[in-house]
Amino acid sequence: MPSASGPIITVQGVSKAFGGIQAVDDCTFDVAPRLITGLIGPNGAGKTTIFNLITGFLRPDRGSVRFKGEELVGLPPHEVERRGVARTFQHLRLWNKMTVLDNVLLGCQSPVGENALTLFLRPAAVRAQEARDRARALEVLEFFGLRHQAHELAEDLAYPEQKLLSMARIFATDAEVLLLDEPTSGFDADSLRRVIPIVRRLVEHGKTVLLIEHNMELISQLSDEVVFLHQGHVLARGAPATITRDPALTEIYFGI
Amino acid sequence: MTAYLAHYLVMVGIYSILALSLNLLVGYVGIFSLAHAAIYGVGAYASALVALHLGLGFWGGLVVAAVAGACAAALVAIPSLRVAGDYYIVASFGLQVVLLTVFMNWTDVTNGHAGLPGIPRPRVFGWVVDTPFEYVALALALAALTYAICHRLTHSAFGRVLQAIRDDEIAAAAMGKNVVLNKIVIATISSALGALAGSLYAHYITYINPSSFALHESIFIMSLVILGGSDRLAGPLVGAFILLAVPEALKFLAIPDTVAAPMRQVLYGALLIIFMFVRPEGILGRARPKALEPPPVTSHAIG
Amino acid sequence: MDLLLQLLATGLVVGSIYALCAVGWGLIYGTTLHFHVAHGAVFSLAAYYAWAGQQLLGLPLIVAVVLAILAAALSGLLIDLLLYQQLERRGAIRTTVFISSLGLLIVVENVLAMVFTPDPLRMDIGVLHNAVQLGPVFLTWLHVLAVALAIAGYLALMAFLKRSRAGQAIRAVSSSPEMARTVGIDLGRVHLLTYALGSAIAAPAGIIVAMDVGAEPYRGTTFVLLASVGVIMGGIGSIPGAMVGGVFLGLLENLGVWQIPSEWQSAISFGVFLVFIVVRPRGFFGRRIQSAEI
């Protein structure tokens, strides 16, 4: 077991090129457990690509990604998730035609009910697990303030609620590390007031959060640590206040 | 007339099994297979052969048929479902062609075009099923069993995962679901169940030859699923009831056989096109099918 | 040795016919992403157009063939215009287009069977049936013509795609429809052009087979699915790939006969196809398959 203070995720020398474009270039940083780390940088800095590289949706050309010391590079996405690293998507990718509850239930790992064989051989265990999963899914929905909408279709939710649902879904997976791709983009002030505390409270539940954020002003409210990415490379990291006040970084960020 | 009705009902039972099992793939994971008739044939040949040569009874034959059907499908599903996209349509067509070639040319075993005669009537719990109505009962009972199995599969965490894969594979993988494994499992189950229909057919007609398991039969089974409505478990049943009545109705018009067969096909084809315009979700369907997402090739420049 | 050369030559001829069909289908698939099985209907129709031109209208063979190719191009274009584009306008997804395509294939082939019977309709091709001897290899002039047409058709298509403005538009759409739209390319028109071109290039394949062994209603189904196999082996989106994939299939079928009885031909091809998607799912020339936009 690594010590509690050691990094939970280590990204080491990761590079990825698409055609001639170097999207991520020798990127190195780590993520401390039970904190919220913000990944910021101008458009095209490679933030979402990093998410894809960590979660196995893309394979880096070089470099390694470790979770608690275990190499993740080369694992398919579902294996990465099962190790304990889950992610949301910028475009949410909810199951729109399913209910809110079903979306969250899909986050639960139900080895008995999801196996076509045990489904028939162990009906009692399947029933028990489905009941446990439902109870847990409803708890998760409660935490995200969506319980009263459990039986609505995902597509009928308002946008901020859909975004919360996309977080609830991965919260239900029991993954230790949650990668949130722009959890607050496109929100008005009211929605922000609702979502920010929920993101902050994830840490109280033992989660480690790595999030992508566009809004420089929000970053200090949302995160404990900031990694500043530019042209696929880590330019700076540190406390949010230091990063947001650095004139050189601000200049890059706003392209002045 | 009653014998006529009995025959119709037996065929409804057999095709219900075929359509229900194919729908596990088409409706619940959005994978199109053109090999279901060949799988049906594998079931028929497998149980006919063990009945003729080993004297295995009806239930044993069903098990052998299911295992043979599952193996044949797994052979193709394992390589082709590992890659996302339209590969399975092509691979399943290949399987259809290869299996039909085997039925026709492996004459030592299948007796080629001449087929296998003299398949015994099933013996169920000690009594021989040989009157038409007894056979109706058997066929419908097996169809009901298939329905129950499909219901269990689809109304469960497993079924939820299948539908999640159908609607968004990437999201499913992000939730820790093994997309490839689940697809292979359901393709195998679908074929095992489809092969049961073959066994039932072989023991009913007591004679089989390759012509019952050709490509147009695969397309016909697909039509039952799509016209009935692929997003509902009962959709394919409705499809079987209605579409099997069509050839019977055509028999009342005095059309020569050489014209009647293609005319029936024209009718099925036309129905498919018309339904895509007026009711793409099928007779019983609720929503538009969500299958066949664009293949995961973001760019493939011509040149 | 002579047998091997003969099989090689026959394989090349059959492969050329597959290649024409595959190039046409691959062009359409790569550009529109439609799994256009009704391409098989166009293939069959082309044969009947040529037959009708010669046998019913009494046209000279060459005129009948040229008109048949034009008619096939028009048929392909109309399928897109009147069927796929209408469905897409109603918000149809790819599945819907695929099923309608399958429906159309069934309708066309069976109408042909009802009207002309399922038996082959012979054409009168005169000297083309005469044998040519190339060393130890015997072919007919028609077979030589098939290879020549495949090469000419391929080169003409490549030149068109590379040089002409319309061809560049097709390539733009196939590499990224969204990008093409933003630079002002009319996707509907590009699709129509693609269907016309893809059908025109596959039509000679249907006609040559009809000239060789007669026009048959159900042949298109087999050919379109073989074309899709060729396209996948060659690499989706690659025209040279489709060409090579088609020729490869023809060679495979015929060289297989050297050691294995001919009734197992199709089994060999598909066996190789299955091995292929395991070891090289992107085909000979295809790009590496990337996961979709995340």
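Per-chain numbering from 1; labels A, B and C assigned in written order.
One rule holds in what follows: a residue touches a chain if its C-beta (ideal position, glycine included) is under 8 Å from a C-beta of that chain, and two chains touch if they have at least 3 such contacts.
Since the model is a prediction, treat every value here as computed from it, not as a measurement.
Of all chains shown, the one whose average CA position lies nearest the global CA mean is B. Inter-chain contacts peak for the pair B-C. Between the Cα centres of chain A and chain C there is a gap of 46 Å. Taking each chain's centre as the mean of its C-alpha atoms, chain B lies 29 Å from chain C.
Per-chain CA centroids place chain A at a distance of 41 Å from chain B.
Within chain B, the positions touching two or more other chains are listed as 170, 290. Shown for chain C are the residues that touch two or more other chains, namely 290-291, 294. The residues of chain A that reach two or more other chains are 57, 89, listed in rising order. By the touch rule above, chain C contacts chain B in their complex via residues 27, 30-31, 33, 35, 83, 86-87, 90, 92-100, 102-107, 109-111, 113-114, 117-118, 158, 161-162, 170-171, 174-176, 221, 225, 228-229, 232, 236-239, 261, 263-264, 266-267, 269-271, 273-275, 277-278, 281, 286-287, 289-294. The touching residues of chain B, counted against chain A in their complex, run 149, 152-153, 156-158, 160-161, 163-164, 167-168, 170-179, 185-186, 189, 287, 290. Note for the complex: chain A touches chain B at residues 55, 57, 76-78, 81-82, 86-87, 89, 93-98, 102, 105-107, 109-110, 113-116, 119-120, 126, 129-130, 133, 169-170, 173.
Listed in rising order, the residues of chain B touching chain C in the complex are 30, 32, 34, 75-76, 79-80, 82-87, 89-91, 93-95, 97-98, 101-102, 104-105, 170, 215-216, 219, 222, 226, 258-259, 262-263, 265-266, 268-273, 276-277, 280, 288-303.
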